[in-house]
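Across the two complexes that follow, chain A remains constant while its partner is chain B and subsequently chain C.
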Partner chain A sequence: MPRPGFVLDVDRSTPPILFNHGETFRLEKLPPGRSRVIYPAEPLKPLEHPDAAIRHALLNPVGDSDPLPALLKPGMRLTIAFDDISLPLPPMKRPDIRQRVIEAVLDLAAAAGVDDVVLIAALALHRRMTEAELRHAVGDRVYEAFAPHGLLVNHDAEDPDNLLFIGTTDQGEEVEINKRAAESDLLVYVNINLVSMDGGWKSTATGLSSYRSLRHHHNVKTMQHSRSFMDRHASELHSSNWRMGKVLRDSGVKIFQIETTMNNNVFGTEGPMSVLQKREWDWTARDRVTFLGLQKGLDLMSSSARRSIFQAWRAPHAMTSVQAGEVEAVHEITTENTYRQHLVPVEGQTDILTMGLPYICPYNVNSIMNPILVMCLGLGYFFNLYRGRPPVREGGVLIMSHPTPWEFHPVHHPSYIDFFEQVLADTTDPLEIEARYEKQFAEDEWYRHLYRTSYAYHGVHPFYMWYWGSHAMQHLGQVIIVGGDAKAVRRLGFRPASTLQDALEIASDVVGRDATVTHLHNPPILMADVT
Partner chain B sequence: MSPKRVPELKKRLPVNGRALVQMARPSVSAMLRRLPFPLRAPTVPQGVEPLPKESKIGADYDTEWARSYPARLARVLLVEGVVRPAMGALASPEVRGLDRLTGLEGPVVFAANHHSHVDTPLLLSVIPEPWRHHLFIGAAADYFFANRVTSTLSALVIGAIPIERQKVSRNSADQAAELIDDGWSMLIFPEGGRSPDGWGQPFRGGAAYLSLRCEVPVVPVFVEGTGRILRKGKNVPRPSPTMITFGTPLWPDDDEDSRKFGARLETAVAALGDETATDWWQARQRAHAGHTPSLQGPTNGAWRRTWALGDRKPGRRGPKRTWPDLG
Partner chain C sequence: MKALRFERSIPRYAAAVAAGALAPGAGAKVGPLRLKSIDPPDLPGPGWVAVRPRLAGICGSDLSTIDGKSSRYFEPIVSFPFVPGHEVVADREGTDGTDRVVLEPVLGCVTRGIDPVCDACARGDLGNCERIAFGDLEPGLQTGFCCDTGGGWSTLMVAHESQLHAVPAGWTDEAAVIVEPTACAVHGALAAGVTPADTVVVLGSGTLGLLTIAALRRYTDAGTILAVAKHPVQRELARSLGADVLVEPGEALRATRRLTGSLALGDGPIVRLTGGADVVIDCVGSEASVTEALAMVRPRGRVTMLGMPGKVQVDLTGLWQREIHLVGAYTYGTEFRAEGPRRTFDLAFELVEADDLGRLVSATYPLARYEDAIAHAANAGARGSVKIAFDLRNEKERRRA
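Then we have the complex of A and B:
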């Protein structure tokens, strides 16, 4: 029976707490008497027979939908879209959930005599997936059956010939998605829900759309009005996507949504990495030796060697639920199952929120975590992992731990380099950045070319990363990064600190000397249910 | 005297030359026979039917010693140190479908098509853990256990147990079932022998029977390319790439007997063959339409069967060195 997440009040007997620090770790003592640690729940028990569960979901849909076999007819056009490389994190061990689901769908399609099938990686403005990444996601069998014939493709949000304008929402938001998906007799969307932000209408209305459509909800205003974007009912980002979903539905696009949830088993229960997932007081002598060895070994390595090791890690995530059918009905169940794993009740807000940032975020899989992504992971994702109120009070301080190297992947993140060098050197204000620079980057022909033909994120993507953190920036009094490259941290507009104690000292200028501290013990992922 | 005259002289001698030569040769068995009883074996009185001699080879060969820890250790060393590198060099195996075994636990029966003597060592080197070193193989009693030397080698190196293929033998089945019940997995070639012409042969019921009897799943396996290395009738192997495709484990249905289950197993292996020759999607479409090409090939004339073999080109991945499409 997995233990639920909980809040630990720190006293003198509390052992040092593990902080992730990029590809390394820090053990930090939190001030006793005024600190607490939010621990995630242990990984939920996975489905015993995932393939049988998938088949059951396809045959017994929820909401207003027929079973999948009834929707499949000979001669029809079937499109299967699936989540891209940004999910799950870290990438999971084979077989990937997408492979299981897609094979089950294709098997039913083959039984129904469907010939015209296309698979699309729904990557919106993310970088294209490489062959190896596609093979990992959909499996070798599916890849080899479809990719050589051009029937397994990356979505291209800049290909005017393959986009279709569907209509406009009642609030003037333009809806434009992949033409093949829109014109198919059936669009099957295969989703992985790592956090509650994923899935629902966001899958189609974001994953298969273009810049023209995305800009209506990927902007500063939407982000600042999403409290948080992990809570669908309080998220303006989701409201916009749901409005777009209604336009899609009303236009006749037939969607069969398949959503899956997974447990937070990131490092497993055995092997040298398992210690990173244990609560500190559960560490055995063997765990301690392993941790010390791991830490010393990593210290001796170059940053690229450390990165290679961690990026090669495949998590033993396992599926905890699968549901299929009508988009909104499916997503309601999915959200419940996601919350079942992630929600931890937390009473009241804190003055200082601390977090150790790991080596990975949705946009640096097989890549480099550059300073903009560090900001996005901390202020965008981890800060927003709440329901109700943020765990830190308005005007409070956020202390993050990460090396924040001034380093970029030149192939994956070309526009990030210019954003960091030019835009952030000028201003860090999201609204000003949006007004002055976004259009120029979004319509830059060179970035567009790299997005379409290389493996680059779209020119506008670093802007979205910055907007992602705009709610946190608006809410917080100060942001401090511990152990980061001081120059890079200052460029982000944050304060650098060498140690956590220094950071707490700096924070006391903003929140006073007896400020309360809350640490988000992450990963695995948790979501604070703050009352 | 010329050498030509020696045989003539021998014929004329009043003694038996051959007997003289035999007597002059020291023979242990002859010496033993000259010993008095009870130092020598008793003679059988006339009119008495002696008990039949107990066979120690063939289907009666006792392979229990091959599952002792020293023998298992020796087999692990042989498989990992000799068989795997040799197969890597000879057959460059490409293994597919291992993801289908995710979550599978306990003993299983691996049932593969059979083209060559290379199949066994090749499968031994690619069957994944935890099964690879806890595996026994059903081998033809009349071939692999024909004498004590081949019997010992078969039992030690490939962990074989003798399977009667000329007749239905309760002994073979009991032995296999007992081992499966003890947690051992089995590799079996349900065709009963190597392909004589490159096409498959009808499956026999052994794998399905054992699955039903021991309540364990059967993993269908399709081996492609070993016929090019050492087909039946050849003695010298020729290096050639191979592809091994593992299928989804099959459990017998409640209402299925071994004949029906065996037929389903054969279809599953044939579908894997189709998947290897084309791709997974086409194979699934044909499987659902009931058009999976049979392992046994067309039923027309011999030359047409040989001709049709050429159409079964494997969908093997070669190194792709094409330039990216830059639009």
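Then we have the complex of A and C:
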């Protein structure tokens, strides 16, 4: 029986706490008597027979939906959309969940005589997936059967010939999605729901949409009114997507939603990486030696060598649930299953929230975690991993640990470089950035070209990263990055600190000397349920 | 008299090259430049007078010479030993602050006693004089590179009357000493062929770059000016003098692309643009800056080399394929403007006064501290400075000669 997540009060006997720090780690002593650590739950038991569970879900849908076989007819147009490279994190060991689900759907389609099938990587404004990445996601068999014939494609949000304007929500939000998906007799969307933000109407309304549509919810106002965007019922981001979903449904777009959840088994139970998901006081002498060896070895490597090693890691996380059918009914169950793994009850807020940022976020798979992504991971994703209230009080301090190198992947993140060099050199205010610069970047012909033909994130994407952190920026009194490139950290508008102790000292100017400290021990992922 | 003199010495030259490669300005410690007591220069002929420098600036070309980085191109047009210093405000002999002059250092036909003068000098384009190694003077393209004239880094030198411009009453010596580099910048800005609303990139924001920005704003109808500035003080000054967009080195190509809406070739780091700026003025003159200039200018755009380039290796395929105009801009002479021909120096005087450019003189040194002065000048930007000059006003030798 896996142990649930819990909150540890730090006392003098508490061992140093593990902080992720990009492709390295730090062991930090937290101030005793006023600190606590929020630990994630141990990995839930995975589904014993995932393929059987998938088939069962397809045949026994939830909500107002027929079983999948009943929806499949000869001569129909079937489109299967699936989550892109941003999920799951880290990428999982083969077979990927998407492969399992897509193969099951294709088996049923073949049995029903459906031969007009197209697979689409629902990447919205993310970069296109490479052949290797597509093969990993859907499996070689599916790739070989579809890709050579142009039937396995990356969604292109800048292809005017393959977008369809569906309509407008009652709040004036334009809904435009992939034309093939919209005009198909059935759209099957295959999700990997890593966190509670994923899935629901967001899958189609965001993953298959265009800038014209996305700008209605990927903006500062929406993000500042999402408390948090991990809590669907308190998230304006999701409310907007749900309104768009209604437009899709009312227009006759027929969607069969498949959602899957996965456990927290990021680093496995064996091997040198397994120590990273153990609680520190559970570390054996062997674990300590392993960790020291790991740390020493990493220290001896160049940053690019470390990055290669970590980016090659394929996590053993496994499926804990699968549900299929009508979008909203499916998503309700999914959310419960996600919460079952992630939610940790936390009493009250803290003055200082600390977090060690790992090497990966949704937008640097096989890539570089540039400073903007560091900001987004900390102030966007980790900060928003709460239900109720943020774990840190309004006006409190966030201390993040990450090397934050002034380094960008020139192919994947070209507009990020310009955003960092031009926009952030001018202002870090999300509203000002949105008003003054977004349109220029969103409509830049070169970025558009690179997004469509190379492997670049869309020109507007760094703006979304910045907006993702806007709720946290509004909420916090100060942000400090420990161990980061000082120049890069300052460009982000944050304070650099060499050590955690320095950071706590700096923070005391804002929250006082006896401030309470809470450490978010993530990854593996946890979500604070703050009362 | 006391002077910093540059002598022909192969071993010292080799030492300067080695030292200069390690640290900019280090050639002053081991190279051919030495502080000496020497005889004052003779008056080379009629029309020549003795002047006593008050301030004498340290120019980028001086630094290249000291660190042994100058091109061998100059060998036939300089004469050894010479006293450097061509950015000079001086007193006429026998006066002390009451009859100050600024030196226009180019040694054209008139200064060389050549009559009739060459075509370039006849046009007023002294910088293009075809007789800089002939006539009454030993070879020397300017005062400060000619063994017959002395130079500003001394307590006494000689100058031809035609080289001297009276300093307006009320001017500081700092304002006066910046006139010569300002004239270079004015000439460069006008040689760049800027047409109304052109996007102009200025590479480098040292003294020459900053003055070029000021000149562009006053004497052209440039649209957006993008300046590449490495150091904070340079960025502040560049903005105050008229630059609209400031970027750090390494960011210029991307910034030019953003500014002009150009595309870029390839999908990795940007190496060249498909469009680009209408005009690029290179105030650095390095291999990297020339390459960058050619990569960021639009087809049929104009690259003006204002910084002294030396020997560089550059792929000119893009120049050919994109029909880029690459032009040089050296010193000054006569500018042909809509209102009629004007001496570049006259325009420079106006600009110095209008923009209070004397403020660019950041520090001065006595001759005895020449090593510190050269080191400071070679690292001016990093040390929050712009123009470094020698201050001869209090030299004891100045009174003795």
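Here are a few things to note about the model shown:
We adopt the following convention: the second predicted complex is superposed on the first by the 531 of 531 C-alpha atoms of A that agree within 3 Å, B and C clash if a C-alpha of one lies under 4 Å from a C-alpha of the other, contacts with A are read in each partner's own complex, and residues count from 1 in each chain.
One rule holds in what follows: a contact is a pair of C-beta atoms (placed from the backbone, for glycine too) under 8 Å apart; a residue touches a chain by one contact, two chains touch by 3 or more.
Predicted model, so just to flag it, every value in this text is computed and none were measured.
When both complexes are overlaid on chain A, chain B and chain C end up sitting side by side without clashing. Within the superposed three-chain model, A:445 lies in touch with chain C and out of touch with chain B [touch as defined at top]. Once the two complexes are overlaid on the shared chain, A:456 sits against chain C while remaining clear of chain B.
In the superposition on chain A, A:418 contacts chain C only, with no contact to chain B. Within the superposed three-chain model, A:142 lies in touch with chain B and out of touch with chain C [touch as defined at top]. Angle at chain A between chain B and chain C, computed from CA centres in the superposed arrangement: 110 degrees, to the nearest 10.
By the document's definition of touching, neither partner reaches A:365: not chain B, not chain C. Of the two partner chains placed by the overlay, only chain C lies in contact with A:410; chain B stays clear of it.
Once both structures are overlaid on their shared chain A, chain B and chain C have a minimum Cα-Cα separation of 11 Å. In the superposition on chain A, the residues of chain A touched by chain B in one structure and by chain C in the other are 453. Residue ranges of chain A in contact with chain C, taken from their complex: 410-411, 414, 417-418, 421-422, 440, 444-446, 449-450, 453-456. Within the complex, the chain A residues that touch chain B are 50, 94-95, 99, 103, 106-107, 110-111, 113, 115, 117, 139-142, 144-146, 452-453. Contact residues of chain C toward chain A in the complex are 247-248, 251, 254-255, 257-258, 261-264, 267-269.
Interface residues of chain B, counted against chain A in their complex, comprise 96-97, 99, 102-103, 275, 279-282, 284-285, 287-289, 315, 317, 324-327.
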